[in-house]
Amino acid sequence: MKETFIKELTTASLKDPVLIEGLPGLGLVGKIATRYLIRQLKAEKLAYLYSPHFPYFVLVNKKGSVRLLRGTFYFWKNKNGKNDLLFFTGDSQAQTIEGQYEISARILDFAVQNNVKLIVTIGGYRTEAKDKPKVIAAATNPEILNKTLQAQAAVSPSGSPIVGSAGLILGLARFKKVDALCLLGETRGYLPDPKAAKSVLETLQSLLNIDVDLKGLDEEIAKAEKMVTRLQKIEEKRTLQAEETRKEENKKVTYIS
Amino acid sequence: MKETFIKELTTASLKDPVLIEGLPGLGLVGKIATRYLIRQLKAEKLAYLYSPHFPYFVLVNKKGSVRLLRGTFYFWKNKNGKNDLLFFTGDSQAQTIEGQYEISARILDFAVQNNVKLIVTIGGYRTEAKDKPKVIAAATNPEILNKTLQAQAAVSPSGSPIVGSAGLILGLARFKKVDALCLLGETRGYLPDPKAAKSVLETLQSLLNIDVDLKGLDEEIAKAEKMVTRLQKIEEKRTLQAEETRKEENKKVTYIS
Amino acid sequence: MKETFIKELTTASLKDPVLIEGLPGLGLVGKIATRYLIRQLKAEKLAYLYSPHFPYFVLVNKKGSVRLLRGTFYFWKNKNGKNDLLFFTGDSQAQTIEGQYEISARILDFAVQNNVKLIVTIGGYRTEAKDKPKVIAAATNPEILNKTLQAQAAVSPSGSPIVGSAGLILGLARFKKVDALCLLGETRGYLPDPKAAKSVLETLQSLLNIDVDLKGLDEEIAKAEKMVTRLQKIEEKRTLQAEETRKEENKKVTYIS
Amino acid sequence: MKETFIKELTTASLKDPVLIEGLPGLGLVGKIATRYLIRQLKAEKLAYLYSPHFPYFVLVNKKGSVRLLRGTFYFWKNKNGKNDLLFFTGDSQAQTIEGQYEISARILDFAVQNNVKLIVTIGGYRTEAKDKPKVIAAATNPEILNKTLQAQAAVSPSGSPIVGSAGLILGLARFKKVDALCLLGETRGYLPDPKAAKSVLETLQSLLNIDVDLKGLDEEIAKAEKMVTRLQKIEEKRTLQAEETRKEENKKVTYIS
């Protein structure tokens, strides 16, 4: 395997498909949001993307079988709406600079080949958490950006970077005459953040006119908040113990003298 | 040399050969196990694998000659059993991400070219050592995995990563319609661990119906245990000395004041 | 995108054009100087240079749109003088060693294709700041170097390295039979340094017989100097506080004993 | 420039040429030795080797001109002996793993093209310095190794690595049916070590039957020894000052309490 390649598992004839992309990144926002939609909509696997720029290990699955790290394309036939959906998510971002460009370009090529006219990439936007994470948007097309701003999103500050596939796909899209939109959920970024993913999905639903029950995310949000609380307690304990140890050390110094 | 390549030294007509692979990794388990079999069975050299992704130095041998880092394929004609054996071991894993994928793919290609239908990769599984290291297994084929579990192995936990060639060969095998099995010996991983290698070889022997005397490993195990004990003593001594030095330092502080 | 490529936006028939190149580097001297000329002369965009060796993020612009990191060629028709001007500046240097050579070679190819006979690269020269930064010069052609020395520049010390595109373009120019000159403004290098850029532009103006008002840079210089003063105050405060903290700590040790 | 390439400056018809190679490495032994021979023999330039795997800067020369980092081949017509000589030295080793293999392979190709039957690579061997540095040898051919051992060299310990071009050229030579010998001068390695270079040159002269006055190196050796002495004094001073500072600090602690 010298280059990134896509292995198609089936073919699907899709009606004006929109591609939704979410790889792991800040707060895993993109991956959590995309995976949630795939599960709720019972989307089906369409193709795998493999790359020598992914980390060099394999993962063991539940049955003791093994697979390469990969990305997966899914599709969903939208019986009531006007756009079928394609999804792309995966185990990892590329580990090299050239790999980042190569993988984003391949995702885009595959979208074009499937007549995709709009790609929505999802990621995290690092900031100190407020009560409800905002959704930050950027797009290759002002019309789409305007629609998004009407769906409870704020425009990204000028000069702000969007790192990895969520950004590069937008940057490369103009060479392929595909429109692309990036939705970033506000997150502190260092722990999985389903709350940020929920904000993004609310905007996305309103924008694409799809109807997915987001309550399933609330459980994950509760779990994530417990985790944060637990980590904060551990951190406090550690600080206290370090303080105690230092005092003990100082006493010892005195006894010796 | 722009790419990994294989230089064949001889040709061998092999009967349903199984390839056993073990490159350096955690506890050197794969390399120790593979090399032990090669020596005991007096397997013969078949081919070298060279790569610009190996470290950029050469090794001096006993006669003051020099060679590139490389991997070596060996073969063994099994007079009494049904499978001849191929082996692959070497000096090093690839040093780059792309190199890891490239070298694993080349090993697999060479196996296919020699009509290999099953590859067994060997490695280490990092854990705190128990009395007898267990063997952890994963496979591309449930039937082979089941047979392995009957040969005193446990199935790998789900989500667990297998790093380097031992894993990537399994991941890539499905593209070549070759079955592959990975056997990992439990090891702390930071020192050569012949005990973990022995556990793996017991499972492997039972699985492949080969008969190799494993007593030769016991000497290496005794040596390795002496090494561990010695290192622990050095570590204890160092801790004590550091403590002494600190006390002395503290006294000095007092005298000065 | 597997390789660096140039996307032409328009065509321009240019009269004996000179290319002026300034990418980000020490003190941003090259970028500040080149960008200032582009703005003052109202130069027009000619082409973009994209590369998979640039960092893997995109930038959001004022309207919430997004673009890949890139370099940009500009042109300016010189109505009164004998040389039209081409400019090249951009967001970033290449992030890999091979990328540095690849991007510099592409800039040079594009220059040759546009009949450029002289390239001037601009950068910073790390030194402790004096009142007025000097301009340090090196060139592929002694005649051009001599002219430059008459325009208030000093010749670069022998053995001195010139890092990145500002240097590599000169090194590669001899293979293309193009003359190249490098102008480095003295700078401490860790903050944007418009003062160093102004020195370089004074030399460049005299050399190329162009007439650009440099007063616009004085405002930037004043801002940069305020920034330096502010950073120095912060640093002094931090040092004082650290001292205070240490004294407090020492007192506490005494109380405990 | 996508790949390492060689630019020939002239052609030379050479009589059974031997190539002597010395790039920068431990103690700069290879570069010092090779450069000394080139100067003493007044060898002439034959070709340059350029590579995108060299560091990405250029060097300014005495006249304010600039050049890429490169390697240079030289030749010397041996009027009295049976072997003409080729030399290769340069500014730097390759900066990437693949580059190391690529550059060594190109040097070897160029040697073959010039009918070279023997290559001698020179480097340093890290060890604590004795009075007179020994010469450590390894070779692709036992006959050449034996001759070398008779010329005051010791055979390299088995398992010892030889890093960079000095080693890789030997490793790659067997694919081209060229003999190669590596001579390593014992050196601490962190400072230029002309003494180690002199030891290597003594062995080399005796081996190749060439007559070069090595006295010119004695001056460099004297300079290097002064440098070592000066660095040791600086180090001692620094240790003393650190001690003083610590004592002062301790006193202050006491006063405060």
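Annotations
Chains: A, B, C and D, in written order; residue numbering restarts at 1 for each.
In this text, a residue touches a chain if its C-beta (ideal position, glycine included) is under 8 Å from a C-beta of that chain, and two chains touch if they have at least 3 such contacts.
Not measured: the values here are computed from a predicted model.
Think of each touching pair as a link: the shortest run of links from chain B to chain D has 1 of them.
By the residue-number overlap criterion, the interface of chain A with chain C counts as different, with under half of its numbers used by both chains.
Taking the mean Cα position of each chain as its centre, B sits at the greatest distance from chain C.
Work out the mean CA point of chain A and of chain D, and you get 51 Å between them. If you average the CA atoms of chain A and of chain B, the two centres end up 36 Å from each other.
Among the residues of chain B, those touching two or more other chains are numbered 253. Chain contact topology: the protein chains form a single closed ring, every chain touching exactly two others. Interface note: chains touch in the pairs A-B, A-C, B-D, C-D.
Those residues of chain B whose C-beta lies close enough to touch chain A in the complex are 94, 97-98, 100-102, 105, 137-140, 142, 145, 155-164, 167-168, 170-172, 174, 180, 182, 247, 250-251, 253-254. Of all residues in chain D, only 1-2, 52-68, 95-96, 99, 252-253, 256-257 touch chain C in the complex they form.
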